[in-house]
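All chains are identified by letter, namely A, B, C, D and E, in their written order; residue positions are counted from 1 within each chain.
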Amino acid sequence: MKLPTPLRPFTERDRVFDALVPPAQRVRRQTRHGTILHVEDVTVSFDGFKALDALTLYIYEGELRCIIGPNGAGKTTMMDVITAKTRPDAGQVFFGDGIDLLRLSEPEVAQVGVGRKFQKPTVFEQQSVWDNLVLALHSDKRVWASVWFRLAPAQREQIEQVLETIGLVAERSRLAGELSHGQKQWLEIGMLLLQQPALLLVDEPVAGMSGHEMEQTAELLTALAGERSVVVVEHDMEFVRSIARRVTVLHQGAVLAEGSMAEVQQDPRVIEVYLGA
Amino acid sequence: MGLLWASLRRDRGGQVLLVLLLAAIILVPLLNLAVPAGAPGHLSAYTVALLGKYLCFALLAVSVDLVWGYCGILTLGHGAFFALGGYAMGMHLMRQIGDRGVYGHPVLPDFMVFLDWESLPWFWHGFDLFPFAMLMVLAAPGLLALVFGFFAFRSRVNGVYLSIITQALTFALMLAFFRNEMGFGGNNGLTDFKDLLGFDLQSEAMRVSLFVASALALALGFLASRYLTVTRFGQVLNAVRDAEGRTRFLGYRVENYQLFVWVFSAMLAGVAGALYVPQVGIINPNEFSPLNSIEMVVWVAVGGRATLYGAALGALLVNYAKTFLTSAAPEAWLFFLGGLFVVVTLFLPQGLVGLLRRSRA
Amino acid sequence: MPSAATGAAAAQAVTPTLALESIQQYYGESHILRDLSLTVPAGSCTCVMGRNGVGKTTLMKVIMGLLPIRAGRLLFEGDVLSGRPAVARARAGIGYVPQGRHIFPQLTVEENLQVPLGAGRTDRIPPRVFELFPVLREMLHRRGGDLSGGQQQQLAIGRALVLAPKLLILDEPTEGIQPNVVHDIGEVIRRLREEDGLTVLLVEQKLPFARRVASDFHIIERGSVVRSGAIAALTDALVQQHLSV
Amino acid sequence: EPPIKVGVLHSLSGTMAISETTLKDTVLMLIEQQNAKGGLLGRQLEPVVVDPASDWPMFAERARQLLSQDKVDVVFGCWTSVSRKSVLPVFEELNGILFYPVQYEGEESSRNVFYTGAAPNQQAIPAVDYLRDELGVERWMLVGTDYVYPRTTNKILQAYLKSNGVAEGDVREVYTPFGHSDWQSIVADIKRFAAAGKKTGVISTVNGDANVPFYKELSNQGIAPEDIPVIAFSVGEEELSGLDAEPLVGHLAAWNYFMSVDTPRNDEFVESWLDYIDDDARVTNDPMEAHYIGFNMWAQAVEKAGTTETDAVIDALVGVAVPNLTGGYSAMMPNHHITKPVLIGEIQDDGQFQVVWRTPGLVLGDAWSDYLPESKQIIADWREPLRCGNYNVKTGSCSGQNVE
Amino acid sequence: MGYKCIRVATAAVLLILLILGPAAAVERPFGEILQALPSASYEAKATLIRELAETGHPRAVPVLRALSEGDLYVRKADQRVFIVRKGEGGYDLVDPLSGEPAGQAGRRDVKRIGINNTLRNVLAAQLASLSLAAPEAAVRRAAVAQMLGELDASLAATLRARLAEEPDRGVRGMIREALALVDLQAADEATRLAAVQTLHGSLTPEARVRLMALAADPEAGEALRTQARQAVASIDRWRSFYRLMETVFFGLSAGSVLLLAAIGLAITFGVMGVINMAHGEFLMLGAYTAYVLQQLLPGQVGLAVVLAVPAAFAVTGLVGVAIERGLIRHLYGRPLETLLLTFGLSLILQQAVRTIFSPLNRSVATPAWMSGAWQINPALALTYNRLAIILFALAVFLALLALLRFTRLGLQVRAVSQDRQMAQALGVRSEWVDALTFGLGAGIAGIGGVALSQLTNVGPNLGQAYIIDSFLVVVFGGVGNLWGTLVAALTLGLANKFLEPAAGAVLAKILVLVFIILFIQRRPRGLFPQRGRAAEA
């Protein structure tokens, strides 16, 4: 039986309100092969233009992966797909072993443990730096829990630490909207840390940062890896060199090359489309 | 609760509002019932009814502010919830008339008798029981809000699109309630109420009780809303207002937050409507008019958005101005009122509350 | 190439393209630019540097007239600019590439490029723009907002060039741009200075790039210029002192 | 001597201002004239004007203000039924006097309200008689705005037509929302309904602003009055002044007064109105006459009672008779409705009506329609010993009273 | 040709009569009957009218027409009857017998000879038979149509005679139809069958009524009844087809009204993002401009309406510019507050109009070329005012589209509305652009108001009636998309008109609203959403 057209979308939607289902448990990830993220044959097109073209990519448990590639190669789009912001035309994305990310909504993706920092820093401009961090804090994020939520001393401690790390102690009660570009970058990194995701997607973290700050960021990301998996997109080769173990080069929506930094740097195709002479 | 007290300590305006309400709860009955009519200081029944009406509007404004000021949902249809609450109460009052209607029919309200209804329509059953009617005061607006919000928020309707369909909603309801076939008395609505819980609606004591009930409802509504806004729930609402998409990526199901506050606010509006009807003595589909709903938003803006007490203040002030101006300057009051809105927007971007804050700073 | 390496001292002789005198700027109560003075010699590429949040972007907006100042004077080619609106400054010949790109998201790339035509300095998009950023021609009919970050950055620069400015202000132009294009942008700046006689004011955090394209530098700290000089004078010690945390 | 206060409760803003402002001016004029004659009981009259802003709860609030704050002795006001329903409990509670000047659906009689407009039997029934007897109409289209007045009137008419042997299929009711402005489909429908071979007439209870587009559409679709006459109960001179009457010439209206009525008293009234309002283009209409009658009745009752005290005046009012503007006398009946002649007028191109028919005598306003089953058995009589507005002759009880 | 002959002939007869004097007159002469009119009762007038017509006097047609149009007056002083033309200052009198001017009279010196509906019917019938020989085909056609209602044997004879000499094909067809209607009652089966055949495709209501009667008539033969039934079925098929056409037309016209009402808002709200609650009042101002122009140009209704279009554009546009410059420009970046401000403005404008023009509706006349209908056939007529408005709405739409597409303004408006500061930094004079755009939106609304003045009330509440619909249209179409506004307006108009016959006007409106609410759930950004990365964020 077919539903009348206007009703069909309501049944198609797989997002369900949490009043109707048991709390989305954090599915325990069984990382049999040590891969935490499988991206297979993902294709995304916009009005006929293929932003991702059968992209296949695996990220391993605890790895720090750098992804580079020309402007418009599809790096941000790839993150959009992983975080359910964009639905691909084809392909599969699995998180851990069991979780089909393509069937989840954005908040569900976040809840199963994928955190993201956006290319253009996006913070809650009307709220203080502190509140931004509280919002990000890893905890039960359902409605009822939020109504009765209290900041535990341990959590308070945690936030203080992060503030320290991102160098915004003095700005804690300023509105996030008043921060400079670089400061917003830091704040967003701080939020990402507090989310405690198993997989961090970091889109251009050091844009607009000075050299010294870049080093700090590099240290931070390196420290995170191991315990968590980190995917970094960045155009600053100096930075990439300082953190990278394994580098993937995207070009025109597909993987062009993959390997250690040294290998990739030598690759003539990469030099041609990306690095330049 | 600790959180609530802590936040109230910082919320000077809220304190003032609560103190004023407390004072009103004590003073108004005293001045109306204890001071004899004619003596100085006596508060006339007219004034009591008027104040009671203002308080209902204030509660309504608080409910609008909660969704607009804190969650960024510019509702242009909150009048629908207010009116539904009002109709629920009105239906109870109609049933209370019993066989004292003009046609003396034991069950059917007058308008049904002379439009030849055979029997009471199903949705009128149960309203003779006060507890059921009170339940419906919450449930009718709540359910409408739930169904409407469920689909709208899930489909991520937002911004002006949401505003305009809330307006369409209340407009459609207005047209529907105007229809005599609907069984709500058509354009004449529900009137000629006689008593509530066995007490004469026209009696002084009843009027004062209704006033006190309105004041209490406003105080409680304010406290509950204040509590919601200071918890993390409130922060999430703010976050949604500023960057809805980003909130999702932090793991919050935005639609549930919106739905919760939307339904809560609709129920508050319903309560306001239920208290309003016995005090003004009539409920008619005009209360669904989109213009009324826009006016509610204007109260909030005049008072000061996202402050709750500012919304209440705005409602009181604008409505007082309306009462005052329509008798003081019947031909020109629209100039004054319109002018007030213009001036407030231009010079007091944060509403009157902003003015108070600035003068204190 | 002697012209590219104009030293600060040499430039003093002629009227500087831009001169700022004792600028004071506030956001509400917070004092951001404090008694700031600097000059941008004609034909130079002057680089403004400083830590995050010292007020570089603020300074650029002040020059562009997008933020009011409380005191101080701005001179553009000797004319007083202070008090004149952004439109007038753009029409006088200041091109602006803001931090964060500020592309018109719903306009196509072509339309984005056409916007400055209204300012009347030229009446069609100079072919130069496509020569410098070939990707823009490919994307001509795509919405600006759909472009990738780096593509947007190129569009922003191209758009500023449509104004045919005399002074080009670039706020962190290499942010988010792939290395070979960064290199190209450096070339572009060089060519614009040489071939078109353009003066460039640049905010840049990346030292190698700054060293490569700039002729002069100013370092800002706590809202004032603390060091200035020819780029050659930007020693590692200075960097250590002023640009690291 | 303190002045006698006269409350005026008509909307001066909002949707109803268009109709009600004129009535406010009428009352002010009448007060001025009365004062020029030396006032009442040797006291001057003082108007108290408030604006209920077309907002029904506000009507109740304003009424309360007039009665309890301003302590007025009488109120002239209201237009819509819902506004009257809204103020009714207030007038009964605070024991005030309201003169209500507009034709309405009936089914009401309050001790504190005096209905000087037409009840359905003073407008609708004679209109049907005219169409049937004079124009030979056999098929009936009842077009109205969807609210209580048209619904009730049409119910009464349906009952009346049925009792006169009109077949079910020859009557049709159509309703529209308030302010309906797109009449294309309905007018086309009227044309189709009329194409059945029998002479068809349209009875319009279309309200307010919706009339202008309705008539424009009628004329554009070529519905000529000689083919399909339209008779309206809410279109008067004032409404016609808002539209180009040329194409409507020949359509009809049923009222108790027309500006064109040729009597010395009316000439005088029109003259003084044009003088007062200082605009030659203005017109007079039926509700104005109702206020004229009501005002004079009240004045006479006050003189008769020798006081403005409410109860005395209410009692004195019943039986008072004053000249109306159409050349006869109207009397206040015990049911608080008045006697009036019924006139049928044809629209002229100057926006006036030409009287083409009138009832031979006066028609007595019937509070409770004889054509509705439930209301048939109810009568109203505010004299001793009954003193009841809804006395059920079957059960012998007086129901629904809010006053003792 | 024929008409002229008759005229000459009757003139001759008249001449003879005049020469011979009263003695020769068997019947009362024309003038005498005419003089009896003023004092006669309505019943007596009916007889007099018939008599007038039967004289065959050449002035009968103009005199009767004058009577039916209310132009026949009696001079109070001497009780003489005149045809009156309302001219400047007073009335021009025309002698009814000669058609020559006969001086002037003041308003109060003459009294109109009243008629009522019954008389109008009589007049129409008499005029019809008299104008069967009129030179214009259209008049003859109307005459035949008028006769369909009251066919009898004598009329049938007249028609039959006319059929022979009728030059116009259309009129001939109508006469044949009329004769067939008569023949339906004929005695012999064959004539009746032929008549049924003739009426097979006829769309006149009488044909259907009589065929229905025939089909149900037990007296008629079986074959005849079957034929009649088939004829009715075929008529009904055609009628329902034309009814569909009619509904489409109604829908399009309702849609164009919505379009005209909403299109200004599509600019101020859709493009500029000002939640413009005063939009309705801009419509109102436009409508009042039309009214004022008609007052300024008395007697030139059509010209006034045409001139009102640019005038309303200018007036409302200037008001818009003033409002933008004075008030709204302080609110950019605070879109929600524009709601509050414009709501206040709308109250002020309404009350201002009430104070200046009084709260009463004003009458705006419709020019002749916008009155009446284009009668395509008896089942389908398109009213001229609606046709004009459909065309006008499309013209306005296309002009606006061209303006925004092909001038620099269009681009600059969009740039400014998307990023005001950046546009300034690129040398766009945003103040100009804002003022011009807002003025344009307001001006277009004013034009819409002129159109509305031709359809509905011109009063202080005019704007209120359209503001909600306007917002719905813009939002339904997708904010910021002009095509969306067009499609949305037409869709809603059509939906409404298709629902209305089945559901009634009230329910149709409710259903349309519910439809919009549901539709927005499906497409949260309207019919033509803004797409792309930026819109999703």
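Simple rule for what comes next: a contact is a pair of C-beta atoms (placed from the backbone, for glycine too) under 8 Å apart; a residue touches a chain by one contact, two chains touch by 3 or more.
Every value quoted in this text rests on a predicted model; they were computed, and no experiment measured them.
Both chain C and chain D are touched by E.
Averaging Cα atoms per chain gives one point for each, and the point farthest from that of chain B is the centre of C.
A separation of 63 Å divides the Cα centre of chain C from that of chain E. Taking each chain's centre as the average of its CA atoms, chain B and chain D sit 35 Å apart. Separation between the centroids of chain A and chain C, computed from CA atoms only, is 31 Å. Distance between chain B and chain C, defined via averaged C-alpha coordinates, is recorded as 54 Å. Residues of chain E in contact with two or more other chains: 351, 464, 506, 509, 522, 536. Residue positions of chain D touching 2 or more other chains: 12-13, 146, 177. In chain A, 9, 85 are the positions where the chain touches two or more neighbouring chains simultaneously. Interface of chain C with chain A (complex): residues 27, 51-53, 57, 99-100, 135, 142, 146-151, 153-154, 172, 175-184, 205-208, 239, 243-245.
Those residues of chain E that touch chain D in the complex are listed here as 42, 70, 114, 116-118, 120-121, 124, 205-206, 208-210, 213, 246-247, 250, 253-254, 257, 351, 354, 358-366, 371-373, 375, 381, 383-386, 454-461, 464-465, 496-497, 500-501, 504-506, 509.
The touching residues of chain B, counted against chain A in their complex, run 3, 150-151, 154-155, 228, 231-233, 235-236, 238-239, 241-243, 245-257, 259-260. Those residues of chain A that touch chain B in the shared complex are 9-10, 13, 15, 17-19, 83, 85, 105-107, 109-111, 116, 118, 122-127, 131, 134-136, 141-143, 146-150, 191, 195. The residues of chain C lying in touch with chain E in their complex are 64-66, 85-87, 89-91, 96, 98, 102, 104-107, 111, 114-121, 143-146, 159-160, 163.
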